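Labels run A, B, C and D following the written order; every chain starts at residue 1.
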């Protein structure tokens, strides 16, 4: 048996619906159709009345989730593509994110954002918006990179008493497979050492974890041992695990698929230099997507986002300085 | 004669309306009423038909500006408070910001955002959203700190062929006065040394420039010379000026009123360490507002945002490490 | 069954209106005396409508009052002390001095705490109603209040449409007070009357003279009955005039004399007073006594709240998350 | 004055429809052959409506076509080459391979390049029309096309209201093709018919059988005339059925048989063909010849575009800003 990242997301939702009567799912085409990506396949039949088709109204979708959370439910909102969450943005960052701080009433909603680039996706079906949400206080932002994390972190997200932005990566939906679902997992907020190494640390998350692992594998053939830290959660950031890794390696490269300005990479680097400046043997570097809209054509896209090859180049550069 | 920051904004708009027939202003209550803050006072009378009241429809306001720009006009959109721009967000970051890159048709629109905290403003009338916009490719983000810059940068913003997010600070509207309007100015994209010093560099912008200058003045009494760099534009960032200053001082403190996660400070620090690591004698530090919604009560607000006192404390700390 | 506006209920309604009006007047004074941080926003002229909404609601219902709903808030159970604590920034207030003025509520008790973005609370009420239905509750209802200006927001549209599709027991109460800040209705919408919007959503519309307590009462009662009985969302549009500035900083010079002298310009308090004396047998003296005692109660509450002082920023907790262990140091900067 | 659907205009209209349909069919084939990156979205069943919009527009007007407007685009002046270049990712296409499939346009020529966010182009058209008015132009008009699903967006509402307030010459054309992706209209709105929305905005409504070219033509002509003559926005709602999947990846199994056999399920191309032969004296042979030559032209264009290859990422410019000197290194990272 093998299970994909996408199936894991479906299974997590099935588990939640089964075990927690407070959970329901709301989003465009999530009902009988099973969602644009089939992340809710069959769930409407298995859990009648709890997997509900929404009109094309992201603002109202997210706003209503806040109301339901106040009434004690635990909505999961599926936005068809992360890119479209910009029209429901206000309800997430101003309504959901401030509720607990303002009123002491928790706001346990989970916003599922199918994120990131795929071949031919183009400017409006490829965006990574984790940093936009992470900038606002009151939100937790998850960016699972593995089948296991897709499953366990989604379950934990819905269990948490806070609004969670769950950035699931579309590129991993079908590409990534695991043998089985995990029995236990690291909690949200903890990073994971995806590969150990002594020569440099790469901090990354989501689909880029796999590009970095590939780069690390290739570099290993030259005897260079790269440690890869998978952040898992980009807000909060597990600064301790990062610093501990940098303490071992002395070198830091941050890799993210999102746009560079003020992203996860910038936040990680700022934390590392503030706390661990003296651990560094070289200037911390970062690689992001280019600072333009995401191009449609695969050939343009392949140089727009970081890849194993550009990560290798940056790693070699970092090891030289 | 003296002129306030707010009056400078009004004068800039008067100048633009007078000298460029392509300019018009659109926003809630900007017409006969002259705007919530009076930034368009009398302009509707002086320029009939070109200062237009909008319905409470931020999405349509900004969307329409893009259409007018395509037709060759140069709209200025006033949003009543920066905080409300979240409901027009999509039109700015996906429609306006991508237009030139996608179609080679420039999108010269200026989005005026009355930003930042004032006493009693509370969670939804105090936000600094510059980093949210700066994260998206295709936008220019201005954050003027002086009466002179409010005037000259607004004029230049409207003159530029790109969409500009113009973050004007409400705290400076009435507090800040100058003798007269400037005859010449630094261009957008260039930072300014607001005060020279040899012991450390503070990089900051907007209202925080004044808190930093106050801190620098107080520190000078102890013989400590702080150089204060006013970024003026947070996208693009004038990295060269910053690095040159750090080269002189060896120490960097970044100060911003916005929330910390992935903000201007994080971006500046990441750039400085990547390019100027060896210039640094101590770990770069940053101060931001606390990572919670902005509190209503002035007593809470006074510790929520950075102030001269907390900047002094951070500076002393930085000089010791 | 509609509840009647009888001697008992009108006394209640009038007393809430009176308290709201007097509270507003005192808040305006406190504002001018510099005792209030930030703005003050009053409900003058809208008390009859607001109280009718508040009194159509029951415990267990959902209420999303807006900027001018002092009377409805009281009717739904808000105390004068809560209102004052919020406006004066007491740490004992419902928002613990973290938010101010009209931004207050007790969501656990069904009273939503508005964010400023207009139109944004309607879908929140929808969600609460959907949740109640999923939980198997029945007979409940929700009311969301907005001004005519907020009908121009995308949030209004998406939420009303959502409520209609889900056939939720929602009262969407629009106070058309003729201005959105300074903007007249001609620059806000082009339909003849706002009730014309109802058919486009497939919901029932009710138009009402917002200056007349009895009309407001009857309209809200009947709309509430329909909603509770499963007839879906009810759009109520009340015509009235904001008898004050947008906020106390605003002299409202743009309100035309014609408007003030027109039907919508009548003061619902004065009309209610006449109704009380001419139709329900209350005496002028009685009303005068209520006024005095209300005034006294408010003043007493003010003195209590003033003694409570402001919050202490150093002992204040700065945790944005309910999940304690996931809160980073509040300034987000690793030390 | 309305333009008549006479022998000459119907030939034109039919030929655009035919080209659009044939182009769609070829795109579907190319998609299945793996020649297209990303998705393919077709306009099958919507050609009569779409072409009527495109032909009601003139040079100097503004057009914001959406996902299923191949026919209208051609009528407004798009070339088959432009369409193919965009769908096949040629660097010579209007979006230079930066954007694909239906995301194309030439704003300088009045044809807006849609972003994906539904409803977002309507206000863009409004702004262009406001600009034309400010510049003193007259007689112009704009058309924005959406599906019934997009009527649920806040953007739709804000923009239609804006157009009504500003009394803009806007045709807002809603193709009610009964589904938004898989979502039936019952989960999208609760009004009886979408034209019911018009009165709530104070705009004129037109309802039309979207499968019938002649009805579409006449409706669009008359709406366009009204708009140009200053009667403000015109809301046109066409009833029809999407005769394909949402995209070519979708088998549309959820479209009910009842729906397919109902009136909306008729194919506008077949009806148009009958109209051509029975009413306008075209022969079957003639139509067959057009079909063959259209097919040939498209195939020829495909072979041209295929030879153009893809873009070269290394010589590609990565500047997001028009102001050259303000572009940072595209990767935003200081080296």
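Everything that follows uses one rule, which is that a contact is a pair of C-beta atoms (placed from the backbone, for glycine too) under 8 Å apart; a residue touches a chain by one contact, two chains touch by 3 or more.
Predicted model, so just to flag it, every value in this text is computed and none were measured.
**Q** Greatest Cα-centroid separation from subunit C: which chain?
**A** Most remote chain from subunit C, centroid-wise, comes out as D.
**Q** So how far apart, in whole Å, are subunit C and subunit D when each is placed at the average of its C-alpha atoms?
**A** Using C-alpha averages as centres, the distance is 44 Å.
**Q** Quick one: report the Å distance separating subunit A from subunit D, using the average Cα coordinate of each chain.
**A** Taking the average C-alpha coordinate of subunit A and of subunit D, the gap between them is 35 Å.
**Q** How far is the middle of subunit A from the middle of subunit B, if each middle is the mean of its Cα atoms, in Å?
**A** For subunit A versus subunit B, the centre distance works out to 30 Å.
**Q** What residues in subunit B touch two or more of the other chains?
**A** 54-55, 57, 59, 83, 86-87, 90, 94, 97-98, 101-102, 123-124, 137-138, 259, 261, 274-275, 285-286, 290-293
**Q** Could you list which residues of subunit D touch at least two other chains?
**A** Those would be 95, 98-99, 103, 115, 117, 152-155, 158, 161, 165, 187-189, 319-320, 328, 333.
**Q** Looking at which chains touch, is this a line, ring, star, complete or other?
**A** complete
**Q** Which residues, counting only subunit D, touch subunit A once they are in their complex?
**A** Of all residues in subunit D, those touching subunit A are 36-39, 89, 95, 97-101, 103, 115-119, 149-150, 152-155, 180-183, 187-189, 254, 310-314, 316, 318-320, 328, 330-333.
**Q** Show me the residue ranges of subunit B that touch subunit D in the complex, using the header's touch definition.
**A** Listed in rising order, the residues of subunit B that touch subunit D are 24, 49-50, 54-55, 57-73, 75, 87, 90-91, 94-95, 97-103, 105-107, 137-138, 140, 160-162, 188-189, 236-237, 239, 271, 274-275.
**Q** Hey, which residues of subunit D end up touching subunit B in the complex?
**A** 62, 94-95, 98-99, 103, 105-108, 112-113, 115, 117, 120-132, 134-135, 154-155, 158-159, 161-162, 165, 319-323, 325-328, 333-335
**Q** Which residues of subunit B touch subunit A in their complex?
**A** It comes out as residues 59, 83, 86-87, 89-90, 93-94, 97-98, 101-102, 123-124, 131-132, 134-138, 235, 259, 261-267, 269-270, 273-275, 277-278, 280, 282-286, 290-293.
**Q** In the complex formed with subunit D, which residues of subunit A make contact?
**A** 28-29, 31-33, 36, 53-57, 59, 81, 83-84, 86-87, 119-125, 259-261, 285-293, 295-300, 302-304
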